[in-house]
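Just dropping this structure here.
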Amino acid sequence: MNRVEVGFEEVGDDLAIEGIVADLQALRAASQMRRYRGTPPNLPSRAETVAAVEGLVAALFPRHFGPSGLRAREVDSFVALKLSESLASLRRQIELELRLAAAREGASHALTRHATRIIHEFAENLPRVRQLLDADILAAYNGDPSAKSVDEVVFCFPGVAAVVRHRLAHELYRLGAPMLARIVAEKAHSETGIDIHPGAEIAEGFFIDHGTGVVIGETTIIGSNVRLYQAVTLGAKRFETGAEGQLLKNYPRHPILEDDVVIYAGATVLGRITLGKGASIGGNVWLTHSVPAGASVTQAKASEDLFLDGAGI
Amino acid sequence: MNRVEVGFEEVGDDLAIEGIVADLQALRAASQMRRYRGTPPNLPSRAETVAAVEGLVAALFPRHFGPSGLRAREVDSFVALKLSESLASLRRQIELELRLAAAREGASHALTRHATRIIHEFAENLPRVRQLLDADILAAYNGDPSAKSVDEVVFCFPGVAAVVRHRLAHELYRLGAPMLARIVAEKAHSETGIDIHPGAEIAEGFFIDHGTGVVIGETTIIGSNVRLYQAVTLGAKRFETGAEGQLLKNYPRHPILEDDVVIYAGATVLGRITLGKGASIGGNVWLTHSVPAGASVTQAKASEDLFLDGAGI
Amino acid sequence: MNRVEVGFEEVGDDLAIEGIVADLQALRAASQMRRYRGTPPNLPSRAETVAAVEGLVAALFPRHFGPSGLRAREVDSFVALKLSESLASLRRQIELELRLAAAREGASHALTRHATRIIHEFAENLPRVRQLLDADILAAYNGDPSAKSVDEVVFCFPGVAAVVRHRLAHELYRLGAPMLARIVAEKAHSETGIDIHPGAEIAEGFFIDHGTGVVIGETTIIGSNVRLYQAVTLGAKRFETGAEGQLLKNYPRHPILEDDVVIYAGATVLGRITLGKGASIGGNVWLTHSVPAGASVTQAKASEDLFLDGAGI
Amino acid sequence: MNRVEVGFEEVGDDLAIEGIVADLQALRAASQMRRYRGTPPNLPSRAETVAAVEGLVAALFPRHFGPSGLRAREVDSFVALKLSESLASLRRQIELELRLAAAREGASHALTRHATRIIHEFAENLPRVRQLLDADILAAYNGDPSAKSVDEVVFCFPGVAAVVRHRLAHELYRLGAPMLARIVAEKAHSETGIDIHPGAEIAEGFFIDHGTGVVIGETTIIGSNVRLYQAVTLGAKRFETGAEGQLLKNYPRHPILEDDVVIYAGATVLGRITLGKGASIGGNVWLTHSVPAGASVTQAKASEDLFLDGAGI
Amino acid sequence: MNRVEVGFEEVGDDLAIEGIVADLQALRAASQMRRYRGTPPNLPSRAETVAAVEGLVAALFPRHFGPSGLRAREVDSFVALKLSESLASLRRQIELELRLAAAREGASHALTRHATRIIHEFAENLPRVRQLLDADILAAYNGDPSAKSVDEVVFCFPGVAAVVRHRLAHELYRLGAPMLARIVAEKAHSETGIDIHPGAEIAEGFFIDHGTGVVIGETTIIGSNVRLYQAVTLGAKRFETGAEGQLLKNYPRHPILEDDVVIYAGATVLGRITLGKGASIGGNVWLTHSVPAGASVTQAKASEDLFLDGAGI
Amino acid sequence: MNRVEVGFEEVGDDLAIEGIVADLQALRAASQMRRYRGTPPNLPSRAETVAAVEGLVAALFPRHFGPSGLRAREVDSFVALKLSESLASLRRQIELELRLAAAREGASHALTRHATRIIHEFAENLPRVRQLLDADILAAYNGDPSAKSVDEVVFCFPGVAAVVRHRLAHELYRLGAPMLARIVAEKAHSETGIDIHPGAEIAEGFFIDHGTGVVIGETTIIGSNVRLYQAVTLGAKRFETGAEGQLLKNYPRHPILEDDVVIYAGATVLGRITLGKGASIGGNVWLTHSVPAGASVTQAKASEDLFLDGAGI
């Protein structure tokens, strides 16, 4: 269909937008004054950050997310080009985030060089990221009876999509770009319903099935070959507050899951507790204490609690 | 990559689409006959409605959602232009919705003037909306230990994104454009997993953390400084039916939350009940009765209900 | 705003992407060697598959999802053209999926003809699909007090959006294109938070309200006029494994819901059990046994389990 | 390549655009005051006009300019849809032009109905336009030894492209939308280098070869089967002025070419003169008098005028 | 600015497009019946052909026409990828042209293999094409006092742009895809005003200055280091006809220019004549006879022919 | 129509693009080595330059080239925003051109500050540019009997379009960005067929009618109220060469036209000659000597030179 520019005179000549603009201006000024001295610095671009990360995903999995029909002979060229382009774009966003942080903190020299150092380290870690993801994908294929092929797992599974973005976001978080990391994480959250804070440390072979409603907090630590189902929360139990009642930030407050833990749908695991190696947590369980290795936790007599009132019974 | 038009002859010359078209035509006719006399009127455009609201969001928060690199000197120009354009576009959609309603109800005069009146009132309320949102944003920053800065909160938090759209959708609902309001609400639901009916009345300082799975019903009333976590439901307990068994619509059937209420993840609060000022509802609680101010409700002995069967225990 | 190509030299001349490319190449080779002999075949295009299905949705509901302002006189032309185009595009993707499967299984002749046969049968079923959807839409309108009109239901309800895509995905699954089916299902999952495996068999008059967090497994069977609320899981209880410990795939492991069943928010129903005609399952119920027709299952004494600690009580 | 929004802060904070804006505002006001009382009305959209005409060209020649791969069975659907869409778009532009003219001339009632009348007559003439174009295309194929097929002529020849747009522009001119007509003509001029004023009356079988630099004035009249080569001018000899020295407009001032006239490259034919049936005008000829039927005009002894100064001669 | 779909109902419900569609259908049928037995085959895509050629231009001159900011380290990757993509796209168009020709001529086997053979030969000639172009560019730089740098010549000069496309179009013509060649040539003609038939054979070091209005016919042969100015025609003198009066096609009818010829603006050179090595043809000269090597041809006493009627003389 | 990515495997696996890439690489290296020491610097972006200039044109004429339907109240906001954005974009391109020149000339400090100085001066001259253009537009309206309104002149006339771009390009040329200036000029040349070198100095009230084929050289000087018709050349007579035979650049070699000169179609005026105030040069005249003020030059007895061979005469 043809597309045309919206005519925007239809709002009527008598609507005095000037006054609204002035009111909004005053509100903005009041809000910014609390946070910045002088003009606030520009923010990184969400769109460019997301596009750069999608470019990296295509470089990591060129057959699945690169251009369709790419010849095997040219895959490396595609990967090189996509990496170069995406890393350059990300580097610029990192510099914008560093400048923003510097404006809040009052320091600002050598940010360009710092951003370049970050992006170089980020780039060099990409093969290791892909290695971790290969293990994640295999875990998904092996762990889900509905998975028809590894290609389907890479191509379609929201749990895999979320973990791919998380591993990249975590690198950004770790290297000093937490806002970019959060942008990437929240984009994945929006697409998959899986909310993994980029601070979470997750070892290889990690699989989330279905995934909608999963929440994994900032200081969570997850061992190898862990499996989660939809609506699992790995959260904080309560928030600690400082002397003046304000929330403390950045202290360990989320669970530690050792290797081979499985947590079924809807379970809630709260606080800096440890689930021992191989522990299995049943659906809808509400857990706030550590459990030993090999433990199997289920809701006691869940079915017996049901009150069944059948017409014909 | 170059992009080309799909050749669509590949379906084969012998596929007789004519018959399918005729069948579909008959089904459409049958469906429309039940609802409209004569040709049904055109619907508003979802794409244009969503774009207009995103334009308003950019006008409300130009530094975060306006063009990157906008100079401080030109921000007001950007806001004026974006408002004018978005309001004009929205006005047209409002008129389309009014025409649609008129076609069902049989009245149809002066709709253009009515639409203009609505958009003017909507526009004049925008500064108040921004004021409410400033309080919401502050509540989010203060309420979440993972929030690194106010900018991150505005930029990345799905709970904030949903409330921003809700406050605009609620204005549309209140002023007589419930379908547009619903389009806006469902777009935010799709992006964030947070389902707030545009009818819900929500005071300032409202914060939803994580958010996926939150449902807030049409007649819910929420006081100041309320905080919700993921998967909280504020729903109806049962639906009332009329004399002929059909559902009654538009009567108060969802909870009232007074100021300072907190509801933790997964809690379900149903029916026109009242949670008193400062009440705190624990995770996974199922609540169908009112609770007094200051009450703290948790699932009794939740942990003791667990059945732990550890291999080595 | 003007838009320009990203300059991507900024990453610095000294970043040696060649080494990263080589590392990634080795990892890809290792991963593909396990799965394919020789060069792996190309994958279908997710973007084209999704676009084709959206084209079919527009052909099924031209007034809601076709171009705005389409004249009644030209609706059939639009439908014919959109069908022809979308079916041709889908046919090509089907052929790509057949080739991919053949590469894994070692057979590969007559795939073009096979793909054409599939698309023809798919096309001929479209009127029946629309008929089922008309009943679904009516069920949604009748079942939700917040639904203001049938148009709003078609236009805005995520439950309807998910079921529309499911019915098309299910046809693809049934006719032998399970990966395309999964692509369509996961796109709908991403948009609505509703995860329906394309294998699920669902009769007419099906309605999901709110929907975020709903999971419906591959071998689920659902009768007529069933209604689900948000966060309902219809899952497998446990996975069966073969002689060598690997997961068995493709055996019946999800529930059967007979006609007129209602399941409220957050309920979990697991295993190949049967919920008899008209059964009603309460919110948050955890159910792993069959229940007879007409049964009403709720969590026993849910409210009494609450521990209320009100300051003023 | 990724594409991002231009950051536009780079111009420096100290550039005071406000003053430039004010200067430009004053200049605009001065210019408009001479031409309009009050706020000048909006102009038609060049982009939409051009898009509508390209839509009509696709409807007239669907195999060449419609979507590639269109099945023969759906061609009529495509034509119907494209006509409906393009005519609606054009109708709106016609109304905008009528409003603009009314603002200059001070009359303004019933313009919507007038625009609809024009578009209906325009639409009904389209088959006749296609008939004329079929004759033009045949003339091009028969008249150019480099033409390999009729398809190549339709697809590639700039002379044909210009005449197709001219015949549509001429209809707009004739029916009272001269500015839209001029937009269409100038777009074709830009694409082909052939400048045909939309007022020119041209009978069937008209062919322009190569075309760059051809100019055909507003009151030119051209009979059947006329052929022109590049850089031919059919212009006015001098402009008549009124009592106050201002140019007179809209009087016959360009040539009349009877049937079967041929004019070779670079010839200039000026004034309201008549070239009789079958006349042939040689290259570079400068002609300001009528010539009889069958006449052959060439530059006398052109070659003899050359002065040849060969080194070795 | 937001952009929305055009509502196309505005044309009014009473415009009966069906009749126009039927008339156009009849005219199409009549036109096609003359040329094809049965359904006419699909045409190649102009858009895809042009995009493929622009891709090749970017691969030939990656610094000028590749993505801005491409790092030197990744240039080869870009070139490899762009070549692969553009050649594949072009191969498909070649096959479509071969099928079209076969439909007219009644032969049709092995066209896919034939197309592949053509594209391979085309690809292997690309380095030779670039070599020729390097000489052309140097000639332009050396021949124009306004050329500030070689980069400016490559980047901006229309004569260079036209010759780049010509050399690619000529390869297509020579290898058996004359319609694609013509598409490429006419696109360049539209952009530059320079009309070079793809059949023309042109040796290295060719430069056209300004260029608008230049026409070079199908059978022209041009030696090394030739220079043309704007509005030069190298055309046929007259067209030969066959026994039945129809035009003969494909016989030598345009000039031969030996090495080092220069032709100034507006000169017209017609017929299969030879301009000897180093000949110089003056502006506006009309030439239909061969001239020897080293000859200098000017319009005799051009200035004296002027009639000067100065008021003050 | 849906659009999809081109599959580019079709070129066949056996086409060894690597060799072609290597050949092209060697040719590039050879070509660059002649011009640059080390890696050649990046070029400015043609696309961004053109977009910035189109943005400025919209800011200069917001009613004609700004968004359709812009309200009078918001015009200044649009102008401010468009200026800010376009100037920032242009500033960056200017810096790229300065860097490119510095790489050739071996100096490179303070280029960012230099670019900013240029763009500030450029910006401050914009009102003067608009003033000149108002006079040009009036001259066009007054000088062409086919001009129906001033709006049509601004909107449609290629001569006006070319002069608008020239006046901006000339500023860039004058301030030290000749390559950007040339990009702008050649874009206008491509669109209009009018080739004005950005170096030409042109006073107010300048009008070119029809325009295709007009060439105006770099050192041309044109007074007030001059009028040209199509295919007029204001060129150099011959090029001067230095001691070693290379072309001299940047010396005065094109005509000077004093106020009120008129030159009719196809006339050629060569060399650094002067056409005195009010001189009139007839169509197709070839002129290489100065003429005094008020002179009227025509081709002597043009018509008498014709050889008329009419069948019936």
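Just so it is clear, A, B, C, D, E and F label the chains in written order, and each chain counts residues from 1 on its own.
To be clear about the criterion, a residue touches a chain if its C-beta (ideal position, glycine included) is under 8 Å from a C-beta of that chain, and two chains touch if they have at least 3 such contacts.
The model shown is predicted, which means the values in this text are computed figures rather than measured ones.
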Treat touching chains as neighbours: how many steps, at the fewest, connect subunit B to subunit F? 1
Check the residue numbers that subunit B and subunit C use where they touch, and answer same if over half are used by both copies, otherwise different. different
Maximum centroid distance from subunit A, chain identifier (CA atoms): D
Two candidates, A-E and A-C; the one with more touching C-beta pairs is A-C
Distance-wise, how many Å sit between the C-alpha centres of subunit B and subunit E, to the nearest whole number? 56
Cα centre of subunit C to Cα centre of subunit E, whole Å, reads 51
So which stretches of subunit F touch two or more other chains? 1-2, 4-11, 13, 17-18, 39, 42, 45, 48, 67-74, 76, 80, 84-86, 88-89, 193, 212-213, 231, 266, 284, 299
In the complex of these two chains, what residues of subunit B are touching subunit A? 1, 48, 59-60, 62-64, 68-70, 72, 75-76, 79-80, 83-89, 91-92, 116, 119-120, 123-124, 126-127, 130-131, 134, 142-152, 155-158, 191-193, 210-213, 230-231, 265-266, 283-284, 299, 302-303, 305-313
So in the complex, which bits of subunit E are touching subunit A? 1-6, 8, 67, 69, 71, 73-74, 76-78, 80-81, 84-85, 88
Under the definition above, what is the set of subunit F residues touching subunit A in their complex? 4-11, 13, 16-18, 67-74
Spell out the residues on subunit B that touch subunit C in their complex, using ranges where they run on. 6-12, 15, 17-18, 20-25, 27-28, 30-31, 35, 39-40, 42-43, 45-46, 48, 67, 100, 104, 178-179, 182-183, 185-186, 189-190, 193, 195, 197, 199, 212-213, 215, 217-218, 231, 233, 235-236, 239, 246-250, 253, 266, 268, 270, 278-279, 284-289, 291-301
